[in-house]
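Let me begin by presenting the structure, written as structure tokens, before commenting on it.
Chain lettering (A, B and C) follows the sequence in which the chains are written, and residue indices restart at 1 in each chain.
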Amino acid sequence: MKQVNGSGDDLATAPVAPRPPPSPVRAIPTLLRGLAQVDFMQSAWCGLFFAAALFASGWKYGLFALIGTAVSTLTALVWQVDGDRVLAGLEGFNGALVGTAAGVFLGPEYLSSWLMAAAGSVAATIVTAALVRLLGTWDIPTLTFPFCITAAVLTIAAPEFQRLWHGRTGLAGLVEPAQGPTGLGWADLWRAFFANVAQIFFMPQWYVGLLFLAGIFVASRRAGVVASLGSVVGIVTAWALGSPADEIRAGLLGYNAVLVALALCGVFLAVSVWSVAYAVIGAASSTGVTGALSDFFTPVGGHTLTWPFCLTTLVFLLAAPALPRLRRTG
Amino acid sequence: MKQVNGSGDDLATAPVAPRPPPSPVRAIPTLLRGLAQVDFMQSAWCGLFFAAALFASGWKYGLFALIGTAVSTLTALVWQVDGDRVLAGLEGFNGALVGTAAGVFLGPEYLSSWLMAAAGSVAATIVTAALVRLLGTWDIPTLTFPFCITAAVLTIAAPEFQRLWHGRTGLAGLVEPAQGPTGLGWADLWRAFFANVAQIFFMPQWYVGLLFLAGIFVASRRAGVVASLGSVVGIVTAWALGSPADEIRAGLLGYNAVLVALALCGVFLAVSVWSVAYAVIGAASSTGVTGALSDFFTPVGGHTLTWPFCLTTLVFLLAAPALPRLRRTG
Amino acid sequence: MKQVNGSGDDLATAPVAPRPPPSPVRAIPTLLRGLAQVDFMQSAWCGLFFAAALFASGWKYGLFALIGTAVSTLTALVWQVDGDRVLAGLEGFNGALVGTAAGVFLGPEYLSSWLMAAAGSVAATIVTAALVRLLGTWDIPTLTFPFCITAAVLTIAAPEFQRLWHGRTGLAGLVEPAQGPTGLGWADLWRAFFANVAQIFFMPQWYVGLLFLAGIFVASRRAGVVASLGSVVGIVTAWALGSPADEIRAGLLGYNAVLVALALCGVFLAVSVWSVAYAVIGAASSTGVTGALSDFFTPVGGHTLTWPFCLTTLVFLLAAPALPRLRRTG
């Protein structure tokens, strides 16, 4: 499987021969593709919209994302990771998320957060190389597992280190059953629809999500439609199960559904009636998995990140070859 | 490895060609085999005893189990999973457990629990397909991993969703060292012996366990003896380590030992003096693992399920090819 | 890959033909090599220093370690594990750690702790056989994963069993951010340097670490230098991140860094400028991972053990083939 579009990894498990590294002129589009690959898009124009969305949510967050993308891409170059992967942005997107996560979860006002964004992005590239090999055994792409692993270590470890945590109180607690009104009004619905796309980068604002979604449409109208479908499935499932309305409105129960829908319908599995159905089941499942993982991380003060997307998509992609109604892309 | 008896999965990792689906006339025995496969038996008569045991514990639980078996089997048919697996009941047993778990842990009095039994059973079939491929790499069957994964998500997530949890208090807490009398009388011993078989389906009643054990003997007298051995090893180990007597009597420390003994002596490894010894070591180990996993799930409000059986058996089956004294069946 | 030096496992996944078992005359050096393999050394002289270090920390701990090594080695012989692995000490080192852990964490004054040291060492050999097969898929050695898995089960389960726990209070709690002075004086630095080596066997005394380090130098001067480098990196990283000084001084934040440095520079990857850099990145990463796993195990009352070393090294070894600057040894 050699994916041109999407973060389908080059799955060679043997040592990879070094390719000529990209020239400096290609640096900007490579970085932008790194941002876009978070949502499986391999388009610099899409990445430009993503950068705009991040800067719209706060210039520091935009900078955190760019630093993460640049550091992880540079790490891949220094250690001579396969050049095709670098150019496609596949060595940048986990760093983009690690960098942003360092800003959001450790606080953009501390120098230490900027240093950890860089250090974490170095680590993300090594974790990526490890997972390309591990998951390649079953022809499965890394998804955002490298980000999830790196950012989980970073955010769970942070309170143990006083120069990272700066005396704040801890986040760990015991799980309490969810409470609060569950009814959704029109304003909740449309805000949730866009926030689901923004929360992939940890942002709750609807207009940030609008910019992200516009970027996806610029890269591929079909992907834009599928992402929208995923967002709707996430909202409907969360409402049906009885999530608090304010969590739905903030996009916390739907961002994984957006990513799962994209992965299962068009990116890794060819579009068909069956893959649409599969994507809907997957997106709905990921909403349940979001609840479980949110509880799982509560006693250790961890964040849910995109673990629900990664784990759900891993299961659904592993299962696909045994289900003859589904076909791989590429 | 192509197992006729036992949940040895068809381990093809390549896409499977669709076979003709089973005719409606075969539906009843297929469902009953689905129940029986929870204990590795591929016998409709055994499944009839299992159904009787479940209805004896409460008609709603019997219905939950049948719905789970039917929905997961049907899901496999719709998505064209290999027909041999369906007919053998291998696409039903995880659904049987997911359905029963939904009834037991979410409450049989709520409509939402019935809907989640069905939804979870759809998911269990997809998880099964994923694990057939993943574990097939090492020629390892899925065991009840698909049930454990699906039911863990379902039960840990439930308190996050108000329409599933209905305002009950949470289960999460911090681990406290076990307390209570550890001495076992005769009445404790024989109740524990049968309850160990019943708890595989989350039931504590000795007469329910008696019916389950009778079903195993109907399918295979050897398997009945091995299951009995596992139950005894579970009791002895738990007593020796100092478990509270009331937990032993309820079967909570021995149901994994029953399943481990079956798996390691007769189902996946050929019966011999050495595999009996291996099964005894495995069954005793699983009792210790039960204590560890019970603690592990406490802070997130999760249930131990058959995780100890799955993880212990996984390790012992992975190890078997390096131990020349042991031979695979089939 | 057939490693002469270091715990590189014989990675055959097919059933292994039995070799003639070692004669009794070879028993003593085999046991000593078992101790030495904890730090990847295959030298009986090194093992003698390790035994001296353990007895220096307390004669009971020395005895726990020897019993663990002997029982796990004997288990491998009884079940006919490949004789080359036994002679190299590769079937002893996880038992050495399990035995010592049983003494340290369950209390050396209880008969039950001695029995669990033996039982756990039987289990460690089976877990080793399982992981040789599992990790062999990617040409990865078992590291101390078998110890980590067995000792995690043992220590997390112990409070559930009254004859193991003897009425002590539980260890489980919620994570609180670290506190306490972070400045390091000269006495902190040199104590931490040696304690980092001692804590691999759970000991905090600097002179115990000195004896361990001397043993490594006896086996290989290069390995001694690399272990020292790892210890320094662990101290510098922990100080830079802001760990409490008393934890650094006790070696709690650097013992994983020592093992990671050894693994990535000389044992599994050939020594070069690049592998030194890789080892430094890995050792620093493992210090962060130590913080994360310490928090992860807090709510279940577990211990960090050498999980940070195992997981960090697993990732870095999986990644290595994709990074052409690095070469495997052997």
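The rule we apply is simple: contacts are C-beta pairs under 8 Å (C-beta built on N, C-alpha and C of every residue); 3 or more make two chains touch, one makes a residue touch a chain.
In UniProt terms, the chains line up like this: A, B, C = Urea transporter.
As the structure is a prediction and not an experimental result, all values here were calculated from the model.
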Can you work out the rotation angle that lays chain A over chain B using Cα coordinates, in steps of 5 degrees?
120
Same or different for chain B and chain C, when you check if over half of the residue numbers at their contact belong to both copies?
different
Chain B and chain C, separation of their C-alpha mean positions in angstrom
35
By the touch definition above, chain A meets two or more other chains at residues 137, 174, 299
Partner chain A, residues of chain B touching it in the complex
13-18, 79-82, 122-123, 126-134, 137, 149, 152-154, 156-165, 167-170, 172-174, 299-301
Inside the complex, what are the residues of chain B that reach chain C?
137-138, 174-179, 182, 240-244, 281, 285, 288-292, 294-296, 298-299, 314-316, 318-325
